[in-house]
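Per-chain numbering from 1; labels A, B, C, D and E assigned in written order.
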Amino acid sequence: MKSGGNGISKRQRAKMKLRRRSKIGVAPGTIHTDPNAEQTAIRVMCYSPQAVHEQAVTRVAEIAPLLDKWAVVWIDVSGLGTATSISQLGDLLQLHPLALEDVVNVHQRAKVDVFLDHLFIVARASNPGEGYNTEQISFFLKAGVLITFQERVGDSWDPVRERIRSGRANLRSGGVDYLAYALLDSVIDSYFPIVDSIGDQLDQYDEELSQSDPQTQFHGLHEVRHKLLSLRRAIRPHRDMVNELVRDDLQLIKLETRVFLRDCFDHVIQLLDLVDTYRELTADLREFQMSMVSNRMNEIMKVLTVISTIFMPLSFIVGLYGMNFDTRSPWNMPELTWRYGYPFALSLLVATVCGMLYFFHRKRWF
Amino acid sequence: MKSGGNGISKRQRAKMKLRRRSKIGVAPGTIHTDPNAEQTAIRVMCYSPQAVHEQAVTRVAEIAPLLDKWAVVWIDVSGLGTATSISQLGDLLQLHPLALEDVVNVHQRAKVDVFLDHLFIVARASNPGEGYNTEQISFFLKAGVLITFQERVGDSWDPVRERIRSGRANLRSGGVDYLAYALLDSVIDSYFPIVDSIGDQLDQYDEELSQSDPQTQFHGLHEVRHKLLSLRRAIRPHRDMVNELVRDDLQLIKLETRVFLRDCFDHVIQLLDLVDTYRELTADLREFQMSMVSNRMNEIMKVLTVISTIFMPLSFIVGLYGMNFDTRSPWNMPELTWRYGYPFALSLLVATVCGMLYFFHRKRWF
Amino acid sequence: MKSGGNGISKRQRAKMKLRRRSKIGVAPGTIHTDPNAEQTAIRVMCYSPQAVHEQAVTRVAEIAPLLDKWAVVWIDVSGLGTATSISQLGDLLQLHPLALEDVVNVHQRAKVDVFLDHLFIVARASNPGEGYNTEQISFFLKAGVLITFQERVGDSWDPVRERIRSGRANLRSGGVDYLAYALLDSVIDSYFPIVDSIGDQLDQYDEELSQSDPQTQFHGLHEVRHKLLSLRRAIRPHRDMVNELVRDDLQLIKLETRVFLRDCFDHVIQLLDLVDTYRELTADLREFQMSMVSNRMNEIMKVLTVISTIFMPLSFIVGLYGMNFDTRSPWNMPELTWRYGYPFALSLLVATVCGMLYFFHRKRWF
Amino acid sequence: MKSGGNGISKRQRAKMKLRRRSKIGVAPGTIHTDPNAEQTAIRVMCYSPQAVHEQAVTRVAEIAPLLDKWAVVWIDVSGLGTATSISQLGDLLQLHPLALEDVVNVHQRAKVDVFLDHLFIVARASNPGEGYNTEQISFFLKAGVLITFQERVGDSWDPVRERIRSGRANLRSGGVDYLAYALLDSVIDSYFPIVDSIGDQLDQYDEELSQSDPQTQFHGLHEVRHKLLSLRRAIRPHRDMVNELVRDDLQLIKLETRVFLRDCFDHVIQLLDLVDTYRELTADLREFQMSMVSNRMNEIMKVLTVISTIFMPLSFIVGLYGMNFDTRSPWNMPELTWRYGYPFALSLLVATVCGMLYFFHRKRWF
Amino acid sequence: MKSGGNGISKRQRAKMKLRRRSKIGVAPGTIHTDPNAEQTAIRVMCYSPQAVHEQAVTRVAEIAPLLDKWAVVWIDVSGLGTATSISQLGDLLQLHPLALEDVVNVHQRAKVDVFLDHLFIVARASNPGEGYNTEQISFFLKAGVLITFQERVGDSWDPVRERIRSGRANLRSGGVDYLAYALLDSVIDSYFPIVDSIGDQLDQYDEELSQSDPQTQFHGLHEVRHKLLSLRRAIRPHRDMVNELVRDDLQLIKLETRVFLRDCFDHVIQLLDLVDTYRELTADLREFQMSMVSNRMNEIMKVLTVISTIFMPLSFIVGLYGMNFDTRSPWNMPELTWRYGYPFALSLLVATVCGMLYFFHRKRWF
């Protein structure tokens, strides 16, 4: 069970490292797709307050005619394995090559890059089933067009799509920036269940620690600290990123949307606050555990010392009367020939034990 | 006693986690009441410098006519269980839906949100009887109207109500912003008794630690650290919140009231300062305790070593004279047949003990 | 001696806690004097470059006629037990009620509050005889008038009074802001002897630690850390307070005086720097002490192990020859009947000891 | 193996120290070459969008005619051993003497110095084969001319040179500031493989720690912490340096290039973030390891205590029946003469063992 | 050797404390010379680009005529024991009395005070021979005049004087601000050899720690940490001081000189960076050492446990056969009368040892 847990965590941890697949010194802006990346699939969703149109796209060229017809065009790209599709999209929508390079190099921290006529936003979504692993989600925000890039097919955006289709809430009338907010918000909120589950785990450790053997949870606490370290590393850059979207005077983000982004910012702060609190809590738990271990050591040593201190003098006394001195001399252990020599020796032993017990009592060991 | 204490603290700690009840991706601004929340009860208090009017309200519509008649209308909502009442209030007073969502999602950090014609203020009040648990108090401040939302019926605002009724002090003439200050001030001051009681507890630990067995307070210190962590997490956001109310040029808060809010800010700083000082103090106490435990371990080991070092050679000597060599050969333990062999052996034992004691004395173990 | 020291420190420590005597929710600006506070005594000192006038005042009304006659009027109030005197002073000089409330609630941090026509300054003076305990000193600075409030009769300002009387130095010609500076400077400088004495104590600990038994100073170090924590808490707010007096464009403080306040600011920084350095030093000393304790433990364990390792085999060998096998069979311990059996056994014992000593030598235990 | 590793690391660590070879008090701006430095070799690469010209230069005077002919002249100086060449270069291109002094004093932190008509940029490149050791790379950026100084012949810039020669990408058309960016970017990216390898090492430690004896990795962890400390010290100043290049309004750096420098800044932040994360991770691993060692100690002590507690009473009992009391008195150990005395004694021994095992079972030691 | 080292360090450490010799409350600006201070000696060096004039001055009045005649007048005062000379200098050059008070109160932190027509700069120089001890160097910078105050006769400025005399470099033509820079630079550079020697010491500790007994370096590491604490405390204020000289728009410092001061600022940053790095390194080394001590403890305990676990059962067995049961009953230890009883017992002993060794092997203790 435990080794299995460690095995999994090790695999996940391997993802924490940032790997620069592009060779050092090559031209920036080159798109190097990862050979293991999933095949690219493109799905376009266009809407105006009145209507919605959804379409799976196989060739990038199919997108061009949609761009002017609809108020909002959301091009959702899943899988980053097909370099041609991605660079064609970049050409069609005139996306900056440096940003496109970052899209496929999926080890970016969350950030906003402001280009002349578009914003490039990187966020990282948690993958609840995989622990440490986070997925890079890239957004390009242009007037009327939002392009999103996800590492894998399958996401947590179906509720947003449903809201667009149903026309409820103000998503349909909200513009492309409001759509970006709605998607970003659900990316950030995806961390809450993970952080909550860590909180539950810590509660359980705390309770177990107060009741049972302190030695069983070292591995668990170490794993949790590791997880919190990864989470903080993933979440923290979102703070600056969302803050930049709220504060900076960016034309592409309307004033009304900023109120919502501020709410999103509050969520990031809440997450970071929780992660930091839990990290301090694990440190406290570890210290508590170490003091329990020290206490236990003291207890073990007390048992050893009590036993030794009682039985060593006893063994000495019985050894004394085991000496083979010639008892014919009256100076040589006359007790051995006494009629009540043995009862006398037993009394001596009992007196020694009592004396030792009194000594320990005075030392408050009992 | 101890397990009971832990049981309580565990239940309270469970509240530290932030739970997002709204599903990820749903439209922002939707009011999802907690099924376990108390039923909503509304109480309106209207006053002008000359008169006071109090009224328990069952239907939100009853409030409308009061709004224009009185200089200050305080709508106090207790219990967040009835979604309809809350959304009707929101409609009546044109409160921002995002703020209303935060009212019922009672895991917000203290904050101020500035909307066009109203302020939304979140504070967290301590519940002295329940330790870690804090209650979210939301304020909407509009021209002439203050709406407060509390999680539970029953609060610490009766002295403020009494001051309004009596017409003493300058509450009646002070405007709606002064009322908000007075309520906020009593929310913040509610932390002082809790922090004071932690200080008393630490004093007691410190005294006990100097006098008795160091092992008894590990649990207590751990609990106190946990409590201080929760308190800091609850109090810290108030600093930014009150500071924003003082500094920002908010039309709804008059200059005269800012002097009082600055006083309130001082209280928050005092609280944080105390919590941080106490947290450092617990760290010092823990270190002190660990060094006491180490010392005690040394003392135990000394006893064991002294006893072993004295009795092992003794046991060896008596064992030596217990050997069964044939004493007929003059080379085989002639002492056994001496007339004074036994007294000689005893002298040897005494000399050994004295030698050992001298050794320990030189090592400064006594 | 030690328990006495702890007893004192505990009493003092009790003062670290901030107690809000005013009940939560009552009107701000109400003066609640502490029933244990000393009776209020008022002493007025008026001077101009040419003349000095001193007067003990029993009724506040006696002060009014002095106000216009003299260039500088210093009203020094000792003891905060008489609410009427304090509120009459407040009325006479039109002091802000919130500030007056802070005067009697003697647990403020050092701060400056700027009111329309007066400054309210809170400082905390050390009481050298009482360790942790600091005394709140409040200043009201108005054009031509300085009011100081001290908790107790008796202070360290006699040198300042003497300088006023003698007319030496530039105090008499310096205005009310220079007087405030002179008093504040002596309040802050009162911390230097305390911090110096802590430095001496740490030097002594450091020396003792290098020479003697490490276990004796745990209590002392813990006390010093506690004291430094209290000192930092008391001194740190002065930094912001004095800085505000220096930087802000306050009409009541002349440019010439700011040069002197900057000097005062340097002293606060020096104090904080020393306190922080000493706190790091105590942490280092504690770590050093713990490593000495660990070393001592190792040494104790080595003695135990060496003794056990030498005597256990010896005891086994002598026990072996103490077995009662029938020596008539030639297979049963023939050594017992040898002529040189005993010398052979002794050689075996000596060989064992030598072997063990060689083993420890190779392990570098000697 | 291990000692070899330590030997290497020690040699490398020696490089961490900053040695000021210039004597204190001598005139600033003097060029003191290190006698151990490599001989200076100069290589010039000139290009315009249309053409490229490469030339190895032996005398500095050969460079002058190239300066006006080409759009971009890159003077690459390897080895800092020849003072005359360096000062001639300084004279030819009017470089500031303070900057030239820093070029040969190869212990600078990364920085930018802005002079009237040129920028002086210091960066430090990692040397993958040598661990801690970093190499100082200095850049002078003037209109149309870039001078780079490297400590050693041989670098990681060949891909950049190849890009210039091939005319692909936008290097040829990019100006001297874009060339500086390209070189700086490859210097910074040279840290990624080192940081990645540390990550791999930590993964391996973590896994080993969970499975085997905790004592084997103390040296390794200590080495890694040391390495991370050196890396952070080397990388951190690059943050401010690149940031200054991006933010400040420097004429020599075109707006288009700043977009690329911002990308470079992101890489520095990523590196620092990784180094800090790994440093926290090593601290966690060390704590985890220490708790494993404590646990192991507890386990060892348990074995000792169990063995002692079982055999000490047994030895006492057998010693008791080894006493030589005269069995002719009926009071003196009648068991010795019983027919079933020995089986009785054996039962006593077995009962003692069972009692002890029950005691340990209740203490949950098994 | 060691105790001698501690003795020295204690004496030096005594200097870390700040002693305010002026009594609390006395007038600021009074010059209280330390009775132990050296007698004041004044040396004037005047120069213009064309000529140099040096003169030892006994009466302050001799300086006046030089002031107008020379472009730069450097008045170098060594020893602060003669109050009259110092106050006469202050009167002659109209130096601010607060600054003069700081000159003789030699426990200032490095700082700049800006007065109307002069700058007051305090720096602290290291005294290589005395470890912790730093010397206060005060500078007054006026138009055309630089006054320096040193605690002791004898300094490290002879190279600067030589540069003035020789007329080389740009010192003679550089103005009084450049002279101040040159002196300040050599004061700051005086810390490099000390910091370098600490680095060498740490390298040596690190190497020793990996190879030998970990217990020998506790004292040394503690001393180094102490030294680094003092160094950081001395050096850190120079950062703000030099930065203020570079950034602030001070008329007395020419633009050309600022470039050099920026270089000086880089050196301070380098020093602080090294001190902080070394402090982290000592913390790492201490942790490493503690883990080595823990390991060693484990090793010692293992030896004890192995020995006890092997010999306790053996002693039990030989004790068993030493019991005096009457062997005439066939139930009482028939082995004793067997022909091969003793070999049987020996086999039992050997079997026990083998069993134990197998047990330890399985526990991986070998």
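Everything below uses one rule, namely that a contact is a pair of C-beta atoms (placed from the backbone, for glycine too) under 8 Å apart; a residue touches a chain by one contact, two chains touch by 3 or more.
If you're wondering where the values come from, they're calculated on a predicted model, not measured in any experiment.
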Chains touching chain A and chain D alike, please list them. none
Check the residue numbers that chain D and chain E use where they touch, and answer same if over half are used by both copies, otherwise different. different
Between chain B and chain D, what is the gap in Å from one C-alpha centre to the other? 41
Can you work out the whole-Å distance between the CA centroids of chain C and chain E? 25
Sequence positions of chain A contacting 2 or more other chains: 294, 297, 301, 304, 308, 312, 315, 319, 322-324, 333
How are the chains arranged in terms of who touches whom: line, ring, star, complete or other? ring
Starting from chain B and stepping next to chain C, give every chain of the ring in the order they occur. B, C, E, D, A
Chain B residues touching chain A in their complex are 3, 6, 10, 13-14, 16-20, 23-30, 96, 98, 102, 107-109, 111, 113, 115, 213, 215, 218-219, 222, 225-226, 229, 233, 286, 289-290, 293-294, 296-297, 300-301, 303-304, 307-308, 311-312, 314-315, 318-319, 321-324, 327, 333, 335-343, 345
So, in the complex, the side of chain D touching chain A is made of residues 156-160, 163, 168-171, 182, 185-186, 189-190, 192, 195-196, 199-200, 203, 206-207, 210-211, 259-260, 262-263, 266, 269-270, 273-274, 277, 280-281, 284, 287-288, 291-292, 294-295, 297-298, 301-302, 304-305, 308-309, 312-313, 315-316, 319-320, 322-326, 329, 331-333, 363-364
